[in-house]
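One structure is given here, and the rest of the page talks about it.
Labels run A, B, C and D following the written order; every chain starts at residue 1.
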Amino acid sequence: MKARIFVTLKRGVLDPQGKAIQRSLSHLGFEGVEEVRVGKFMEVRLAAMGRADAEKLLHEACRLLLANTVIEDFRFEIDG
Amino acid sequence: MKIAVLVFPGSNCDHDAYHALRHVLGLDACFVWHKEDRLTGYDAVVIPGGFTYGDYLRTGAMAKLSPVMGAVRRFADGGGPVIGICNGFQILLESGLLPGAMIANESLKFICDYVYLKNESSTVPFTHGIPSASILKIPIAHYQGNYYADRETLSALEGNGQVVFRYCDEAGNVSPDANPNGSVGNIAGICNAGGNVLGMMPHPERCSEEEMGSADGRRIFTSMVRWLEEKGR
Amino acid sequence: MREVAVTPELARQHGLSAEEYERIRKIMGRDPSVTELGIFSVMWSEHCSYKSSRVHLKKFPTKGPRVLQGPGENAGIIDIGDGMAVAFKMESHNHPSYIEPYQGAATGVGGILRDVFTMGARPIALLDSLRFGRIDHPRTRYLVDGVVSGIAGYGNCIGVPTVGGEVYFDESYDGNILVNVFTLGVVRHDRIFRGTASGVGNPVIYVGSKTGRDGIHGATMASEEFDEKSEEKRPTVQVGDPFTEKLLLEACLELMKTDAIVGIQDMGAAGLTSSSFEMASRAGTGFLMDLDLVPQREEKMTPYELMLSESQERMLIVAKKGREDEVRGIFEKWDLDFSVIGEVTGDGIGRVRMGGRTVAEIPIAAVTDDAPVYNRPAARPEGQDAMLRLDFSALPSPADLTETWKRMMGCPEMADKRWVYRQYDYMIRTNTLVLPGSDAAVLRVKGTKKGIALSVDCNSRYCLLDPYVGGMLAVCESARNVACSGAEPIGVSDCLNFGNPEKPEIMWQFRSAIEGMAKACEAFKVPVVSGNVSFYNETKGKGINPTPTVAMVGLLEDVSTRLVQWFRQEGDLILLAGADRNAVELGGSLYLNEVHGKVSGTPPEADPAHEARLCGFLRAAASRRLLASAHDLAEGGLACALAEACVTRPAGPIGAAIANPFPESIRADFAMFSENQGRVLLSCPPDKKTGLLATAAEFRITMESLGTVGGTAVEIEGIARVDAQEMKTAWAGGLTGALGFGG
Amino acid sequence: MKARIFVTLKRGVLDPQGKAIQRSLSHLGFEGVEEVRVGKFMEVRLAAMGRADAEKLLHEACRLLLANTVIEDFRFEIDG
């Protein structure tokens, strides 16, 4: 069973990485890129379990460890 | 002898390299801003450590795009000696001047400490005259020094004797216990096929004076100087 | 823009008392606008106004022949001769670090670095003094990991070495950790800059990062008590950008090589507000700023938000009129935002405009000089005497002293802190000659023969039991630590971490600690030139141990005379300086706490006059090259100092055997761990002994020869003996073991 | 115009961070999590342009900067 977790900075929170990336892209001549926000993307392999259990597990895992909810939001997708 | 010390936004070992080269070894070291696109008149190039562009995205990733890196490539193609230290090594990897890539230390911690290196090739400019299997005491300070390369690349490196330094213990044993960051094959430094481009994670510029606790780093710079002198003749 | 109506209730929510709000209305002669209310609330917050602490901070000695800049600027400056000086300051970032340990600690480092380079100094060293809750508290491991990597993440990236600090664990910090960070920089006398906005008509310039809605109310947050809600608050915590700060550092130092600027100040707590008002206040001028010209990261920001934002990595500059383009050129080279946002005026009023309207118009003096000053009631807590009572004879003697000894060395407070400092780049800039692991770090000052020694110390158990004595001892220990490296103590910065000052008991602790620190500083003739006060370190009404951390700066005229704490050489003689101080002093000791689970008793006697002579002796002995090592006796007393001198040796542990300097009559465990102050464990080559004793006599320091370095065991004859390697293992694994971190 | 970029480690390249996360999750008692691989996730705001141009731009940006193709793969999604 597979799942994908997305952890992103809350809006309004400064993203130094994104800022630096956007800068160097425009130095490179990619003017078209107006903003970049960098987040984490996690691919997770889960043992076979009910969908509801998987959701509960991922939600808890994000809350407790994978996301820093003071400055980050998270969401996830579960396959099938 | 004129040595270029490159300065990128976020370089922070540039002054240390400059100090070691100019004030300790008495060489004509000069800072070169990353927007320069020519390196004419220099005998060697040092890409110092630091956190270019904050190490954001990937260490060395944005620095490789600076104009000066084109000049470094041409300088290297012409056989000129180039040494990348720590972040400088990472920049050389990102720009493809050296093979492989760096990932985070196994411990996922920044590590600042003295380590021991075994010198495996005494032919390249930077170890010229340092007997092979010599043991050097040199500090590391990095978060991403865990060298990775795929199997083919590795066997090529090993085959051509491009592995210049390996982490070892005080007695010279290259063992897992002596590996600070998880680097494949305890690799601490490699060179290109031509031997004139060296990348190493440890910091020779930090131990070029006895009072720093080791002067072994100076041996790497003096080798380079000797190599240049002999080549000059 | 629709303006929020300003009510007494809104003022209260801004942390302003009813009286303070009335005072504002009187000053203004009208109701303040919401922006003006915001400005007053941050400027009058404890954090910016020092309203509860000022009357007591005055008691510190702040003058001296070496003082080039005392308190009141962004950092203090001390002359080290040859036209060189050091600028330094310590700051707390306690509350943010508890909410978000990584970013909280990181931005703490960023802030204190700006305080130092804004003076024109190139930062060359950081220290971090850390206090966490019980080591087995569920949150401690997470906080330790986050705080340490946050300090590493910022300090390493910007390239300033973290060369020393402390780590303590105590349940009084369970809900209020302390993260105090110190920075020292070097500056030439003729390159010192200050935060003043003089010269009517001069441009006011904004440089650095853009402004977002970061940490609005951070300054007031740092002045509020905690409750559970704090953890859900909208991100008042900012994200640090060490890369931008590195560019800002280089740009500012490049700018300061020109003579284009008049004054400069970082935008720290209360951001644009505090920098603009404080700079005008120092110069006795005013300013006019147009917020539409402020570089903004987010849309639709209000004047209130722009004035109060605590976005990091920003500076405010007052340049000479006509030199704007020179300044612009430098900041553009470094890819930083630059904007002329206003000008200096002569009427002593701070005017802020936006969208063509005046959004704030306040007399500068009103928010600065006329800020409220409180001499809050202070009263000795009833419980105080009870805490001091302790019946030694009732303490059970440990069955096995060698086990107890190892246990003491392996307890988190005593154990090796390498897991922490190994994550810090403590070598960068190649000045660190004595690395972390000795009593004080020693850095060379390139281009001179001089060295700087640094140590930060505070024993908060002593301060809890007797804040006056504890305050004295914090100064004495830090002075002893730098003296043990061969240096002369020349200046102090401090971070005064306390509970809620509105409580008389807390105010008593605060006042007593300051008076103790001041007394000791006078004995050493060291001025306090900078510092920081952090109040309201309370959770659910429970305050932390009073914790006045002291950062001591020491000077070596010749850095080649530096000393380390560990034994160097088989056959060297071991001596104890201050050996006459041999009555049992276990009150507040580590031994009581660790082995007997007690924090009680009278803390050790403090004798600043003796300590000052001791420091003089150490410096003389070092400069005459009579010593091989010097280690001060602190937590864990003689037994732990001896063991440390054996196991902290980088070349590997070495043995030593000494006699027990205490009278026969004293219980063995007491003799081992009694924490009598003013003692230092020395080692010297045999042929130096006569000279050493003569030097000690000059300074009226009692010395006793205790034994010799060598062998494979650490031993106090007739009491206990432990294999040196075994002792090292206990000490080296103590912290990571207790925290459950891999080696 | 919005786009999302996913940068993931190539199979076979070891992922210390993912391993550490998996380990601490199981310490925390999250039994079902068998493997975690950590990647990057970038949200990009682009100036209005044709879809083909956007694809070309993003592909170039990834190749030149956003991904290190020695150890990473990339893919992206463009809205609308």
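Everything below uses one rule, namely that a residue touches a chain if its C-beta (ideal position, glycine included) is under 8 Å from a C-beta of that chain, and two chains touch if they have at least 3 such contacts.
None of these values were measured; they are calculated from a predicted model.
**Student:** Taking each chain's centre as the mean of its Cα atoms, which chain lies farthest from chain C?
**Tutor:** Ranked by distance of C-alpha centres from chain C, the top chain is D.
**Student:** Using mean CA coordinates as chain centres, what's the gap between chain B and chain C in Å?
**Tutor:** 36
**Student:** Measuring centre to centre with CA averages, how many angstrom lie between chain C and chain D?
**Tutor:** 41
**Student:** If you average the CA atoms of chain B and of chain D, how many Å lie between those two points?
**Tutor:** 29
**Student:** For chain A and chain D, what's the span in angstrom between their mean Cα positions?
**Tutor:** Roughly 9 Å, centre to centre.
**Student:** Going by the contact rule already set, what residues in chain C reach two or more other chains?
**Tutor:** 241, 243-244, 335, in rising order.
**Student:** If I count partner chains per residue in chain D, which residues reach a count of at least 2?
**Tutor:** 40, 64-66 - these are the residues of chain D that touch more than one other chain.
**Student:** Would you pick out the residues of chain B that each touch at least 2 other chains?
**Tutor:** In chain B, residues 53-54, 56-57, 62, 65 touch at least two other chains, as defined above.
**Student:** Okay, what are all the chain pairs that touch?
**Tutor:** Applying the touch criterion to every chain pair yields A-B, A-C, A-D, B-C, B-D.
**Student:** Can you name the residues of chain B that touch chain D in the complex?
**Tutor:** Per the stated touch rule, the residues are 57-58, 61-62, 65, 93-94, 99-101, 103-106, 108, 146, 148, 150, 182.
**Student:** Can you tell me which positions in chain C touch chain B when the two form their complex?
**Tutor:** 149, 152-153, 156-159, 241-244, 246-247, 334-335, 421-430, 433, 435, 444, 446, 560, 742
**Student:** Of all residues in chain A, which touch chain D in the complex?
**Tutor:** These residues of chain A touch chain D: 6-8, 18, 21, 24-25, 28, 30-47, 49, 53-54, 57, 60-61, 64-66.
**Student:** Give the list of chain C residues in touch with chain A in this complex.
**Tutor:** 99-100, 102-103, 209, 212-214, 231, 235, 237-241, 243-244, 297-298, 311-312, 335
**Student:** What part of chain B is in contact with chain C in the complex they form?
**Tutor:** Where chain B meets chain C, its residues are 9-10, 12-13, 15-16, 19-20, 50-51, 53-56, 107, 109-113, 139, 141, 143, 203, 205-206, 209, 211-213.
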